[in-house]
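Consider the two complexes below, in which chain A is the common component and chain B and chain C are the respective partners.
Entry: the complex of A and B
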C-alpha cells in the first residue's frame, strides 16, 4: 500500500458492515475509538423520534442532565472537577450492567444533593429571618430609647407619680398598635433593601400625606439572599403613625415593596427577652447550617472526583446510539447493517477493530466487512499532522478539495510564508517573529492543555506558519539588506565614491542582496522601486505558470486527455507569450551592460528602453519596434509572432473542447447507445435475502444529459476568465512590490523619527532620551510593524494564494471527511 | 564575476534539488518534506538571483549629497 500524501486526498472506499445485534454496541464503540469511518444515514426518511434507539438516547440525555446539574453545583461551591488523566480510550463502559449501576449511582447522588440543597435553603431562609429580626431589635432599641427618654423628660417635668400608670398602660396594649403613653401612636418595624429605601419613603409620604414619622438605620453588614445568592445591603426602618387604618396602609405598602416586617414589642423587657432568645436560636441554626454545608461539600467532592469520567462515558454511549440509529436492522438475521466511507489504506485497522470487539464481547459470530462499488463522490480526507494542519486550513478556508484533486496545501507550506516574507522582508523583524513562534513551538506541550484567550489560541494554532514566515522574513531581509531599516555590511560594497563625486562608481557586485551603499543615498527609492516591481512580476508569473502546470496532474489523473491539449496547452502558450515574454525582457534588460563602450569610446547600446512601453506597443503596433527602442535584433518579428500565437490561443481554448465533445457524443449516439435510465437504484444486500429484511438502496448518480449550449457557455466564461485573469492577476502580484516598499519605508521613518535623533546625544539627558525613544521605537515596531503590517502582509499573501494561484487549477468543491470518532466528539463538546 | 555567478549558483541549487529529491527516506511525510525542500531552494535562489541580477549592470548608481550616509550597523 503506497503512503498517502498531501498531494492528493486519500483514496476512499464505501464499505458495508454486518454487525451481529448482540455485539453491536461494543463494535460501534471500538469503531468510535478508531475514528476512521464516516457512516451514512441509511434511514433518511425516518425522523429522529422514530429511530430504533431513541429510548436509550433519552436515557443518556437524562443522565447527562443530572451530570450538568452536578457541574453547576460544583461551580457554585467553587469545587474544581478533577481533570481527566491518561488516555480517554480507557474510559468506557464495559457492560450494560455497568451503565445501569452508573445510572443508579447518579440518581442517588442527585437525590441526596437536591435534598440537602432544599434543607440548606430552608435553613438559610430561617437564618436570614432571624438575623434580620436581630438587627431590627438592635436598631429599634435606639428609637425606643430616644422616644422613652423624651417621654421621660416630658413626664418628669410634668408629673412624677404617674409612673406606675404608664407601665399599666403598656401592659394593656398589644404589641403592634401600641399606644405610646398619651401620644396615641402605632408603629411598624421591618427591613427593606437599601436601594428601595427612597422610593419607599416617597410612596409612604404621598400615601399618608405626610402623617407619619419614619426613621431608618443602615445595617452595617450586607445580607445574602439564599434564593438568588445576591448580596444585598438593607436598612431597618420604623414608622410611627397615628391610628389603626394608617398602620394597615403602611403594612400593605411595605409588603408590596418587598420589605419584610418584623413585629417588635414596645416593652423593653420583652424585647430583651426576644433578643436573647433570637441570639441563641441563631447560634443553633448556625451550627446546623455548618453541618449541612459540610455534608454537602463532602458529597460534592466525591462527585467531583468522578464527574469527568462519567461525562466521558455517557457522551461516548450517546454517540454510539446516535450512530446506531443510522444503521439498518435486519430482523431476519438479527444483525445491523452499516454503510460508510473509510480510507482504503485503513481496511486492516478496521478489520482488527471488528475482531477485537467480537473477542472482547465473547461472541462467536464475527462482524463482516464488505467493500461496495459506487459511483458516488467520496468525501475528501487529507491526513495532516500538527505541522501541516495550519497550512491545510488556509486552503480549506477557500474550499475543500474535490476528491483526489491536486491539493494546493502541499505547496502552500512554502510559497505562503515566502510571499509573506517578500512583503515583510526585514532581518530584525524576521528575528522577532521567529523568536515569538519558536517560543510557542517549544512550549507547545504546555499550551496545548488549554488556552482561554481566543486571540492567543489563534496565534498558537498558526505557530508553524508564523515560524516559517519569520524564517523567510530573515532571509528576504538579508536580501533587501534591511535590519530594522539599517543595512548590514557583511561584504565590501560594490560602489565607491571618488573624491567629491555625488555618483558612486561601480567596482563590483555585492554578493548577497542589495548593496548597503544604496541605503541613505538620494536615489535609493528609485532603485528599490524598479527592483521590487520587476521582482514581483517575475515571482508572480512563475507562480501562476506553476499553477497552470498543476492542471496537467488533474487532467491525467481524471483521464481528461482532451483538456490537456484543448485547455492546458493554449493557456500555457497564452501566458508565456505575453507575460513569460515580459519576464524574459526584464531579465534581458538586466543582463545587458548599457554603459559598455567600444574601442572608440562610443556606447555600444542605445539608451535602455522602457519595458512598460514596449509591452503596450507590442499590442498597439504588432510587429514593429522603433530602432532606438530595440532590446535585441529581430524584436519586432518575435513580438509579432508571440502576439499572433496568443491571439490564436483564444479561439483554441474557446472552441476545440466543446466541438470535440459534441463530435464524440454524436458518434456514441449513432452507434446506438443511450443514457441509462435516470432513476436507477442499487440494492446492496445480496439476492438470497429471503426474509425481505434490509434493503439498502442508493440512488445512482444522475447521468448528465449532453447539452451543447451549456458546455459552450461554460467554456466561454472559462476562457474569458482565464484571459482577463492573466492580465489582472499579473497586475495583482504588484502588491508584493507595494507592500514591501511600504514596509521598508515605514520602518525607516520610524527609525528616523524616534531612535536616530537620540543616538547623537550624550550625558544623563541623552541616556534618558535614549531610553524613552527606545521604548517608543520598540513598542511601535512590535505593534505597527510586526502586528499590523504583519497582518496586512498575511492577508495579501492569503489572497495571492486563494485567487491568483488556486484559480488556475483548484476547484475546491469537495466535502470534508467527518469520521465517527470519540476524540472529535469529546473535543467539540469542550468548546 | 558577472552573470556566470547566477548560472553557477543555479547549477548548485539544482544539485541540491536533486539531492533532496533522492535523499528523503520513504515514509508518510516523504512528499511533504521533499516538496517543501525543493520549493524552499527554488524560492531562495530566485530571490537571491533577482537581487544579484538587478545590480549586475545598474542603470543608476547611488547618489549621495555631501557624503552624508545613513548610519550603518557594523558587524
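Entry: the complex of A and C
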C-alpha cells in the first residue's frame, strides 16, 4: 500500500489488540511511545471512578500533587528546575518496583520538606515576633519621650470640655515625672498591618468615645508573613487611655482586628534592658534560621535535579492507565482487549512494538493484533512534516477533511502564498518578509526549544507560510515593478518620452512586469487598476474552476457516478459560460491592438468596449450586441448561446439528481427490498462469542430512510447557493485588486511623506533629517505595511480559500486522528 | 426601552452569569455523584464538571468540609468577578445581595461572643461574601447600642440596626435582632427592586415576596412555646409578601402547626408546602417525606430558575447566587451522606436542572 500523500488522508483500519494482562502496562507504554493508535472507549457507560484502573490513576494523581508541591516550593525559593535533556523516550518506568521506589522517594522527600518548612515557619514566626517587639520598643521610646514632655496636652484633651480652669492649673503643679501614674493612664502597645490602621483607629475612637490618645509609626522594613509568604507593611501603635475598663476594651478590639500586642514596661530602664535582650535573641534566631534555610535549600536543590524526570514518568504512567481504562477484559480476565484506529500502513511498526514489549517483559504470551471490518467512519489522518503542517492547519481550522476526501491542504501550499502576494506585491516588502522568515527557518532548532511568547510562537509555527508568502511577494513585486513603491529599472524602459510631448513613444517591450516608465505618469492608476482588476477576475475564475474540477476526484473515489454528470458538468458549464467567457473576452481585449491604423491612418477598431457593460447586456439583451461594442464578429450569437446553456444548467443541477435517485429507490422497492437491515458485522476471532469479543460489538449501521422532500430541498439550496455563489464569489476575488491597490498607495504615501522630502536636503541638517525620516519610514514600513497590511492580506487570502475555493468541493466534516502518544500528551501539559 | 440599553453596561456580565449558570450541575451529574463510594470518587466525579480540579491540591483523604469550603470559594470568586466588573446600578444591586450574608455574619459573631467562643475561629466560619472591614470588632460590644455605635454605624446595615427595639444581647434577643434586621433588609431590598422596576422589579418582587412569606411562616412555627409574645412576633414579620397583611394577622394568632396550615392554605401557591402527599415543583420525586424546609428550597429553586427565562434584568444575578448556593448545599449533603455511610438518604438533595 503506498504511503498517502497530502492529496488524500491516510487509509485507516480498525484494529483489535489482545494484550495479556501481565504485559499490558509495558505494551501500552510502547504503543504510547509509538503514537500511532487512537484507542476507542470500549466502556462508555462506565463511570469515571468505576473503571478498572482508577486506583492506579489516583495513586499517580497523589504523586503528581506531591510534585506540584515541590514545584511550588522551588519557585518560592527561586531554584530553577533542571530542564529535560535528551530523548524523552528514554524516561519511563521500567517496572512496578521502580514506581514503588519512586513513590517512596517522593513521599520521603515531601515529609522532609514539610518538616523543614514547619520548623522554618515556627522559627520565622518567633523571629517575626522578636522583630516586631524590637520595633515596638524602638518606636515606643519615642512615644514615651513625647508623652512625658507633652503631658499637659494629653491631659488637656481629656479634660477640656468639663474641667474648670482652676483645677487644671492645680494639676500643673504636680510632679511631672509621675504624670502618667497620676492620671491613672494605662497604655497598650502592639503591631498592626498598615491596611487595617484606619479601621482600627476609627473603631477605637467610636468605642471609647474619643477617650484615648493614639500614636502610631510606620515600620520601614516590610515584614514577611511566614504563613502566606506575603510581605506586609505594619505599623507600631501605642494607645494611652484612662482606666482599666477602657484598656481591656482596647486590648480586645486590637486582638480581634488582628493586631499583635506586645507588653512594654513603662519604666525606661526596663525597656532598655528588654531591648538589648531582644537584639541578642534576634541574632541567635538569625543564625538558626540561616542554617535551616540552607538545609532546606540543599534538599530542594536535590529535588530540582530530578523533578522534571519524575514528572515525565508520572505523566506517562498516568496516561497509560487512562488509556487502559478504555480497554475491556476478556471473559477469563486474562487479557485486555483494546480497539482503535491506526494507519493501515503502520501494522508492521505496531506489531514490532508489541513484540518488543512482550520480549522486554519476558512474557511467553504474545499480544495479538487483528484487523476488524467496520462500517464506521475512520478518523482523518494526514501525514504532515514541518513544512506542510502550517498549511494543513489553515485548512483544518476551517474543517477537518472527511476520511479520504480530496484535501485542499495540498493546493493551499502554493495558492495561499500566491494570492497573498497578489495583494501584498512589493519587491522590497517581500524581501523583508522573506529575510525574517528565513531567519526563523534557519534558527528553528534553537527556537523550537522554548518559546514563551504566544505571539512569537504563532509567527514561528507559520514560518514556512511566511517564507513562501515573502518569496511570492518578491515575484509579484517584480511583476508590479514596485519596490517600497518605487520602480526598479533593471532593464531600459520600453518607452521614450520627450519632455514636451503628452504621449510617450513606444520603442520596445519591458522584459518583465510593468514598465518602470509608468510610475509617476498621470494615467498610472487607471492603467494598473484596470490591469489588476482583470487579473483578479482571471485568477478567481481559474481557482474556482479548479475547485469544481476537484469534485470529480471525490465523486469517482466515493463512486458517485451520478453526481458527475448531474452536478459537475452543469456546474462547470454554468461557470464557464458566464465567467469563463468573461475571462476569454478579457484576454481577447488585451490581445487586440486598439491603436492599429490602416493605410489611410484611420483606426482599424472602434473604441474599446467596456467588458462590464458587455456582461450586463449579455443578460439584459441576449443575442444582441451593438455594432460599436463588438469585440469580434458573431458575438451576439455566441453570447446568446452561452446564456442559453447557462440557463439550461440551472434546472439540470436542480432536478436530475433527486429524480434519478427517486427512480432508483422505487426500482429497489418494487423488487421487494425493504428497509435493508445491515447485519451488525460482529467481528471477533474470539471463539466464545457470548461475552469477551462479543462485547466489542459494532454499533448498528443506521440506514437513512429515503425522503424525497428532504433531498429536493437540499438540492434546491445547493443549486441556489452555487449559482448565486458563482457571481458573488467572482466579485469577491476583486478584493485581490482592492488590497493590492491599497497596499501600493499606502506605501507610496509613506514614501512621499517621510523619506522623499529629506533626500533633496544637503549638509548636516539634511543628514539629521534623513536619519530621523529613515527611522520613521522604516518603523512605519514594518509596523503598518508589513505587519498590519500583511495581516489584512493574510486574512483575505484565508477567506478566499475558506469561502470561495473550499465551498466548491470541500466538505470538511471529518474528525482528526488523535493517536495516543506520549509526545503529544507531554506537549499539551507544558502549555 | 431597557432592552435597548441593557447591554451597554450589563450585557457582558449577563453573558458571564448565563455561562456560570450553564455550569450548574444537572440531574445526570447528581446521579453520578450519588453513586460515589468514597469522597475521593466524588472528587474525581466533580473534576469532570465545571468545578474542574478545584480539589487537585488537596491531600486525600478529603473531608466533606473541605469540599464545601472550596466550592464556596469558587462561588465567591465568581461572584466577586461579577461584582468587580459591575457598573451602577447593577453594582448596587449586587451589594444588596451581600447584605444578607453580612447579617448572618453579624449574628454569628454576636452569638459566638455571647457563648465566649474564640474570635478567630468565629471569623473563619463567616461567609466570605458578608465580610466587612470592621467586622472583627463586633465581639467587643456587649449591647445593641454599643454594637451600633462602635461598628455598625459605618456599614450599609446601619439603617436596619436603627429599627431594633431591644438592647440587651441574649439568646432570645439575638433571634429578634436577626429577624428585625432581616425584615428591614428585605423591605429595603424590595423597595429598591421596585424602584429599578421593569423585569427586574417584577421577578425580584416575586422572589422576595416568597422569601418574606417563608420567613413569616418560619418565625411563626419557631416561636411556638417560646417567650415571644404574639405582638412581638407580628412585629418581626416582613411587611411584604403574599401573606401580608391578612395572613400576618392570622399567623400572629396561630399557636400550632395546624393553625398555620389552615391560614396558609388559602394561598394556592403555598398549599403544597403543608400537603405531605404531594410532590410538586418538579423536584426529584423521592418516596421519603420531605421537610417543610426542603419544600421551601424547592420552590425557591423553581422561582430562581424562572428568572433565566427572561433577558435584560438583574434577577438572574440573584438567582445564580441562590442556585449555586443550593448546589453547594447539595454537594455537601451528598458528601456528608457518603462520609457517614448514610446512603439511603443520599437522594434528599434538591435537583436544580
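Basically, the second predicted complex is superposed on the first by the 736 of 831 C-alpha atoms of A that agree within 3 Å, B and C clash if a C-alpha of one lies under 4 Å from a C-alpha of the other, contacts with A are read in each partner's own complex, and residues count from 1 in each chain.
Convention: a contact is a pair of C-beta atoms (placed from the backbone, for glycine too) under 8 Å apart; a residue touches a chain by one contact, two chains touch by 3 or more.
What you are looking at is a predicted structure, and each value in this text was computed from that prediction instead of being measured.
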| item | value |
| --- | --- |
| Which of chain B and chain C A:258 touches, first, second, both or neither | second |
| Partner chain(s) touched by A:218 [first = chain B, second = chain C, both, neither] | neither |
| Chain B versus chain C as contact partner of A:101, first or second or both or neither | neither |
| Which superposed partner A:249 touches (first chain B, second chain C, both, neither) | second |
| Partner chain in contact with A:359 - chain B first, chain C second, else both or neither | neither |
| Partner chain in contact with A:54 - chain B first, chain C second, else both or neither | second |
| Partner chain in contact with A:593 - chain B first, chain C second, else both or neither | first |
| Partner chain(s) touched by A:145 [first = chain B, second = chain C, both, neither] | neither |
| Winner by number of chain A residues touched, once chain B and chain C are compared | B |
| Which superposed partner A:65 touches (first chain B, second chain C, both, neither) | second |
| In the complex, chain A residues that touch chain B | 3-7, 383, 385, 388, 410-411, 413-415, 418, 422, 472, 475-476, 479-480, 483, 486-490, 494-495, 497, 502-506, 508-524, 526-527, 530-531, 534-535, 538-539, 542, 587, 590-595, 608, 756, 759 |
| Residues of chain B touching chain A in the complex | 1-3, 5, 26-32, 35-36, 39-40, 43-44, 46-48, 50-65, 67-75 |
| Of chain A, residues touching chain C in the complex | 47-50, 54, 58, 61-62, 65, 68-69, 196, 199, 202-203, 206-207, 249, 252-253, 255-258 |
| Residue ranges of chain C in contact with chain A within the complex | 32, 35-37, 40-41, 44-45, 48, 56-57, 59-60, 119, 133-134, 136-140, 146, 149-151, 153-154 |
